[in-house]
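Chain nomenclature is as follows: A, B and C, assigned in order of appearance, with residue numbering initiated at 1 for each chain independently.
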Amino acid sequence: MTENIVEVKGLKEHFPVYGGITRRQIAAVKAVDGIDFKIAQSETFGLVGESGCGKTTTGRCVLRLIEPTEGQVLFHGTDVLKLDRKELRKTRRNMQIVFQDPFSSLDPRMTVGDIIGEPLRVHKIGSSKEQEQVVLDVIRKVELEPLHKTRYPHELSGGQKQRVAIARALSLNPQFVVADEPVASLDVSIRAAILNLMKRLQEELRLSYLFISHDLSVVRYICHHVAVMYLGKILELADVDQIFENPLHPYTKALLSAVPIPNPKIKSKRVVLAGDVPSPLNPPRGCRFHPRCGEKKAVCSSDEPQLVDFGKEHFVACHTNG
Amino acid sequence: MALVDIQGLSTHFFTEEGVVKAVDDVDMKIEKGEVLGVVGESGCGKSTVALSIMRLIPYPPGKIVAGKILFEDKNLLDITDEEIREIRGKSISMIFQDPMASLNPLLTVGFQVEEAIRSHLDLTDSAVLDRVVELLGEVGIPDPKRRILDYPHSFSGGMRQRAMIAMALACNPKLLIADEATTNLDVTIQAQILELMLDLRKEFGSSILLITHNMGVVAELADRIAVMYAGWMVELADATTIFESPRHPYTKALLASIPRLDIKQEHIFSIPGEVPHLIAPPPGCRFAPRCELATDRCKQSCPKMEEIDPGHLVACFEHGSTR
Amino acid sequence: MATWRRFKRRRTALFGLGVYVAILLMALFAPYLAPRDPATQDISKGLQPPGAGFLLGTDEYGRDILSRIIYGARISMTIGIISVTISAVIGTMLGLVSGFYGGKTDAVIMRIVDIMLSFPGILLALIIVSTMGRDIQYVMVAVGISGVPNYARMVRGAVLAVKENEYIEAARAAGAGNLSIIARHVLPNIFAIIIILTTLSLPGSMLSAAALSFIGLGVQPPTAEWGRMLGDGRGYIETAWWISTFPGLMIFVSVMSINLFGDGLRDALDPRLKT
C-alpha cells in the first residue's frame, strides 16, 4: 500500500467580509467549508468544479500560501499548518506549485536560469556551480534547451513559459506539486505536450500532483482520483474511471453532460442546470446543490448530506443516491 | 447565393518589429441560415477574419490589404464609414469573449440594449422598451422587467453573456459573429448558452459565424467547419467530415491532441514544435516545420485550397498520402 | 537593447539629453570655462550691456553675467540632482513599505502623504527653509522633501500592480521571505517607473529651487544661482534686461531639455512596461 503523502482533514477557509462604519465582520465567504481527501505517492489527485467552488483556494491552503481558518494538512504525517516559520520553510522544499497563467507567474525581469534557480538560492542549497548544474538538469527534464537558460520570459512561447514554471517547481526536487489549472491558458495542441510532460515527470520522479482544473477532459486524462467540489464542499470523490463512467451525484452528472463532445454525431443528452453558480457568501441550507438539483427530495433542503462510501471507495454526499 | 462571400482576404498588422500577416489570402462563404465554425489556435487569424468583416481592424497598426467581403451585393471593404456603421449591429452583429469588457459598467443593461435598438430602428419609446423586455426574456434572463434597471456588475458571467446576445439580436441580424463567446464561462453556463444559441438560430434563422478553439463546442453547433492555421485556411468541410475524415495533417493532429471526456485515453498526441511567428513565416506551407508528411515541395511552395470532394477543401500537397 | 533603439529614434529626446549633458559639463568645467571670477565686483563696470569684454553683460555690481551663469550651473545642477535624490530615496522607501505591507502601515503612511500633499509644493519648501535656515543645503532638503509625496504615491501604485502578479506568490511558495521578494522581484520591476519619475521630477525641483532663490529664501549672495540672478535683476528689467533674461533663459533651456529627455525615455520604456 502506498503511503499517503498528503492528507487534508476538515479544511476550512472563511474569508471575513467587513462592513458598516465600525468595519466589523458582518459575513464570511465560505470558500472552503470542511473538506477531506488523501493523495498517495506518485498519484495525481484531481480537484474539479466551476468558479466559486473553492478548488483554487484549497490549493493555496494546502501549501499554506494563505492561512486556513480550520483543519489539518498532513504532509508525511506532520501538520503543515502547525509548523513555525523555520520548519515551514524547510517543508516548502517538498511542496511546490505551478500556476495557471504563465505570463504573470514568471518575473519578466529575470532570466529563465534565474527563475528556475531562485528556490535553490532562497534555501541556500549548494554552491553556485552546483546550483547551475541543477538548473541545467531541470531545464533538460522539461524538454527545453540549455540555451533557454539566458532567455527572458517574453522571448518564450506560452508552452515554453509553462515548462519554465514546471522546472522552477522541480528545482528543489519536491515530492508534491500543486498544479493550478496548468494548461488552461495554453493552446489546445500545446496542452497535450505539457500534460504528457507532467505524466512523464510523475513516473520519473515519483511526483504527486494536486491537479486543479475546470476542464473535465483534461482531468480524465491525467488524474487517478477525482473530487468534485461545489460551493466549498466535496460532493463526490472516487477513482477516475468511476467518476466518469459511473457518476452518482446529480451535480457530477450535470457537469459531465454539459461538456460538449468533439463528435458531431453525439448530441449529448444534456442535463441543463437552472440558474447560476451561486456565491459562497450565502450557501443554501441543507444540501448546497439542492436549489438547482433535478432529483431532490424534501430532506435535501434541510439536512446537509455527508460523504458516504457507496462501495469501492466511491464517496458521494447525496440523500437521493442510496 | 451565399450571405457572405469572402474572397482573398488579407489583413496585415504593421508593427515595429515587422509586418504580421495575420490573415493571408483567405476565402470563405457563409450561407444563409448556417452555422459556420472557424477553429484554430492562438494566432491563426480567426478573430482577425471576424474583425475584418466588421471592419473593426484598428489602424494603426492593422490594415486590410487585399480581398473582398461581399455581403448582400456590396463589398464591405468598399463602402463608406457611414454605411458600415449602418450594417454593424443591425445586419451583422458580434458578441465577444469577455462580456464585461463589452458592457459599459456605468450604464444599465436595459439602456445598452435600448441603444442597440435605437441606433438602427425608429420605434416609439414604449415600443423600444417592450422590445428590450422581450429580448431579455428571450435570452433567458429571469424577471426582465426588473433587470433592465440593473448594472452589469450585478449580473453573473452567464447573464452578461446573455445580455450581450440580446444586444446582438436586437435588430434581427442576418449574421451573428460569436468570437469565443463561451470560452470564459463555466461549463454548465456554457451549456446553457449553447442551447440558447441553438434555439435562437432555429427561431430567427440568422447565420452564425462561430469562432472558437474548442472542438466540442464547434461539434455541437456548426454545420460546416473551417480550420485555420497561422493566418491561412487549411481545411473546410461539413462538421461530420472534418471529425470523421479530416485530410489536412494539422486537422488530424489537432483532433488527436484533444483529451476526451467520453473515451479513456492512455496517451494523447502532441504536435511537436511551435506555431510559427507570423512576421517571418516559413517559405512554403506554414505547417511544414511541424508536419510528419512534409516534403521538399511543401517547404518551398504554398499549397492552395483545393476541392478534393464536393464541399471538402484542403490546402495540402500531401493530403492523399498514406504514410 | 530594443529600448535604446526606440529612444534613439526620438530626435527631440536625444537633443534634450545632449543639451542637459552639455549643461552638466559646463557645470563640471566651470573654472576652466568661465572668463572671470563670478564674485568679483567692479562697480565701475556695472550694468554694462552684452558686448566685447563681457559677453553677456554685467550686473549692478559689475559682476560678469556669463561667468555667473556658468558657475550658476553648478548650483542649479547640484540642487536639482540632490533634491531629486532625496525625494526618490525617501519617497520610494515609503511607497514600497506602504504598497507591499498594506494594512495599517499603508493607511498611516498614506495619510501622512495626503497631509503633505495638501500643502502647495512651494509652501512646504518655504516652511522648511524659513525654519531651518537659508542656504543651499536647506534648499535641497526642502525641495527634496516636498517631492516625497509624489514619489510615495506613484511607487505605491506600481508596487500594488506588481504584487498582483503570480511570480510574487511563486517566490513565496519557494520559501522566499518579504525582504528577499522586495529586493529581487519588486524593485527591479518598478525600476523603470522610478527612473521616469526621476527625470520628470528634475525640472520641477530645479524650478522650485529657482523660485526659492528668486524670493530670496534660497541661495545667498554672492553665490551665483540662476533663480537668484533672476530675482536680483527684477529692478533692472527695463534698464538692464540682460541681468534677468540670461539666467531665465538658462532655467528654461535646462528644464526643457530634461522634459524632452524624460518624455522620450518614458515612451521608450513604455512598451516594455506593457509586456
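Just so we're on the same page, a residue touches a chain if its C-beta (ideal position, glycine included) is under 8 Å from a C-beta of that chain, and two chains touch if they have at least 3 such contacts.
Just so we're clear, the structure is a prediction, and the values are computed from it rather than from any experiment.
Chain pairs A-C and A-B differ in how many C-beta pairs are in contact, and the one with more is A-B. Each chain's centre was taken as the mean of its CA atoms, and the one lying most distant from subunit A is C. With each centre defined as the average position of its C-alpha atoms, the distance from subunit A to subunit C rounds to 51 Å. Inter-chain centre distance (subunit A to subunit B, centres taken as mean C-alpha positions): 32 Å.
In subunit C, no residue touches two or more other chains. With touch defined as above, subunit A holds no residue shared between interfaces to two or more other chains.
Note for the complex: subunit B touches subunit A at residues 41-42, 156-159, 186-192, 194-195, 213-220, 222, 239-240, 243, 253-255, 257-262, 264-265, 267-271, 274-275. Subunit A contributes residues 50-51, 157-160, 187-193, 195-196, 214-218, 220-222, 241, 244, 254-268, 270, 272-273, 276-277 to its touches with subunit B in the complex.
Across the complex, subunit A meets subunit C through its residues 63, 65, 89, 92-93, 96-97, 99, 101, 104-110, 115, 118-119, 122-123, 154, 165, 168, 172.
Residues 164-167, 169-176, 180, 184-185, 188-189, 191, 275 of subunit C are the ones touching subunit A in the complex.
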